[in-house]
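Below are two complexes that have subunit A in common, paired first with subunit B and then with subunit C.
What follows is the complex of A and B.
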């Protein structure tokens, strides 16, 4: 059984078919890439999975259970964590307190001792290399650190499935490499990952499989080598970028 | 409700000592003051408790509950009705009054706290006005003519002491409740909701429930303040207890003292009340004008209130010797 199954899901905003009859499955332990040009509907797919937006049609299953009708916080407690493309740190709090939220509200939090929660926070800060900034207000972090914080908060929730929405956008090459390494480490810890990324090298390198979206529809899915040869994908996405010369990072 | 968690910030022992000293002084104050000033400080405690209660919603959850005074009125009228019509004693009447306010907040919170920003603020004002209308036109409340409560048994000095210490304890309890909330899951959840409700939701926080909790606890404290006030005044009128100016004044206290801090609203209440008592109590006409001026000054120059100012002063004091040494 797949860990996550998205079955014939559609969602429109007004007249825009943001997600149109999309189906895919993610197996336990995989890293799956989700690519496509801006406005293709990638973030909307994540919003639908995490419950921030409701589906118009179709159904999403997590560990065989339907998620429809559930509030985002209930979905989170089932083991789905996510980051936001536009980072959303809790202002007025320190880095440590931000990460603490993840540990405090995870499914098993009610049974955890205070010292245990502090341990989880400390370990997570170490894992995401934020120890040195632990007691800084989040306002003092740079973009790369903010992206790490998004990941740290999600990791403190001890998720089974992690949804990453363009965590690498806006970072330099060195920072991207560091994050790729981190994402792999998280995966090695047994976390299944769905990653939206515009940085082609990163997504093709990391992913076991790649899904390609275009105007709300899923136009290709498969191993990275295969997908990057697919003529429809080249036409819809990769080709356009090649014509424009060197790959530019797209930021929103 | 939940286990508490250590905050990342360390509590300075000096602050705690000052707090305990202040509490002892206030507890012993009736030995040296009397009459008029007992009444002034009693009302000061009442406003401080209400400001602390409002702080949970405004300062921590970030929701501008402009009409929070409605729970003050509900608490007052519930106590009046139970004591006059049903001959209840004050303490059970007061407990039920607080719980009624809490229950009403809990029920209204579900629809109303889904509204964002200004819409919520307007809705709370609407609730205040609607409840005032209901109270004015329902027979049991005495309507617009008002309602009298039984007098506190005992002489005037005993009476003064009773309300002084009751309000004092209410204020201390409101501080204790806030401190307890802030260091637990509810506090962390509310602070998260304040700036990033979506991120809070997807991290497992039931944001609606948490906001409803905060508002209900706020209503409980405010309702008991209203109940005590009713018994103290022994006469109620809808236009007095549902006066929107009560809400406004308490709101200013929170902003002035420092929203989202444990002691800020208390500080704000003391500052505003004492200032108004010492400086312009004689001039009731300019009272509103000065309040308005304070609102403008806070929003322009003191976004973090007096607590923010104190914190900044503390930072300067700590850094100043170092910079001297570097020279």
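What follows is the complex of A and C.
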């Protein structure tokens, strides 16, 4: 059984079909990349899965159970954690406190002792290489560290499925390498990952499978090397072969 | 300078601080200016008055009862009324909480009349004298009780699971919901907690002020000044703001004119708003807009 199954899901905003009859499944242990040009509906898919917005049509199943109608916090406690494209730390708290909030509200948190929570926090900080900044206020972190913090807060919830929305955006090459290494390490710990990414090098390297969205629909799915050769994908990204003749200048 | 005046001001200021905390907390977490706080304060005062008057319960022992009743009322009001209008924005919330205030105030007027009543336990007259300044026991006890409650609330917010959830929700509601915090429950909890705090302040205040349905209105203006002084959303700021207002009022009453007490407070309010809108004490912690 697939860990996550998206079945014929649609969602419109006014007249815009942001997501149109999309179906896919993610198996336990996979890293799946979700790519597509800007406005293709990738983040909407992620918002639908995490419950931020509701589906118009179709159904999403997690571990065989439907998610429709559930609030974000319930979905989070079922084991789906996410990060945001634009990082959303709790500003005003320290790094450690941010991660602690994740640990305090995971599904089994009510039964955990304080010392156990502290252990989870310490371990997560170590995993994401944030120990040195543990007691700094979030405001002192640079962007790469903030992205690590997003991941740490999500990881402290001990999720089964992790949704990563453009974690690499805005990072330099070295930081991207490091983050890719970390994402692999999280996956090796048994966490299934769905990643939206514009940094092709990262998504092609990380993903076992890639899904391609274009204008709200799913146009291709498969192993990265196959998908990158798919003519429909190339067309979606680069457009059709240009017509002969000089390029018309854009009129202001 | 007369120490007696300063001491009187400080002792009163502790109560102002406690009264303002609920207002500040609600603003910090929910971004609501809650005009119904005055009515909750009055209700707390009446609870103490009736328990003392009818059954002779010691006023200090009525604190937990005030807290429980007002927590329940606050929780109910948030989850049944405020929750439904929250998304319509600040102006709508002003109208709704103003309406709630009128409703509660007039209900108390109908039920208990406009008579001035007072709570006078046997120990209300006694006091101790230090270096020429006399300190009434009851005022000292109120001050200590107010500070203890502030300490308790601070501990709750920083050390407990629910307290952390409140802080997280105030800093970023969306992110909090995605780490498993039930944010609509947290809103109701916060509102209940704020009502309980201001209700306990009302209970304490009933021992030194006369109780009537208009008690809350008088204090609402003070709550505003204290919150602006200390910075919206800051608990320690509310306490310091309360102390400053208390001392300012005491000094104005004894060296300028008792009638100008409110005038001076409001001049201070306007000056702070012009020159230091974030309050006297640095940046705000809560109420960072998302």
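In this text, the second predicted complex is superposed on the first by the 237 of 252 C-alpha atoms of A that agree within 3 Å, B and C clash if a C-alpha of one lies under 4 Å from a C-alpha of the other, contacts with A are read in each partner's own complex, and residues count from 1 in each chain.
One rule holds in what follows: contacts are C-beta pairs under 8 Å (C-beta built on N, C-alpha and C of every residue); 3 or more make two chains touch, one makes a residue touch a chain.
Keep in mind that what you see is a predicted model, and the values were worked out from it rather than measured.
Partners subunit B and subunit C, brought together by superposition on subunit A, clash. Shared-chain residue A:104: touches subunit B and subunit C both. Contact with neither subunit B nor subunit C is seen for A:62 once the two complexes are overlaid on the shared chain.
By the touch criterion defined above, A:118 reaches subunit B but does not reach subunit C.
By the touch criterion stated above, A:84 is placed in contact with subunit B and with subunit C alike. By the touch criterion defined above, A:24 reaches neither subunit B nor subunit C.
Touch criterion met: A:93 reaches subunit B and subunit C at once. By the document's definition of touching, neither partner reaches A:214: not subunit B, not subunit C. A count of residues in subunit A touched by subunit B and by subunit C gives the higher number to B.
The interface of subunit A with subunit B overlaps its interface with subunit C at residues 50, 52, 71-73, 76-77, 81-82, 84, 88-93, 97, 100-102, 104-107, 109, 153-154, 157. Subunit A meets subunit B in the complex at residues 50-52, 71-73, 75-77, 81-82, 84, 88-94, 96-97, 100-102, 104-107, 109-110, 112-114, 117-118, 134-135, 153-154, 157.
Across the complex, subunit C meets subunit A through its residues 161, 164-165, 167-168, 171-172, 174-183, 285-286, 288, 290. For subunit A in complex with subunit C, the touching residues are 50, 52, 71-73, 76-77, 81-82, 84, 88-93, 97, 100-102, 104-107, 109, 153-154, 156-157. Against subunit A, the residues of subunit B that register as touching in their complex are 2-9, 185, 188-189, 191-192, 194-196, 198-207, 260.
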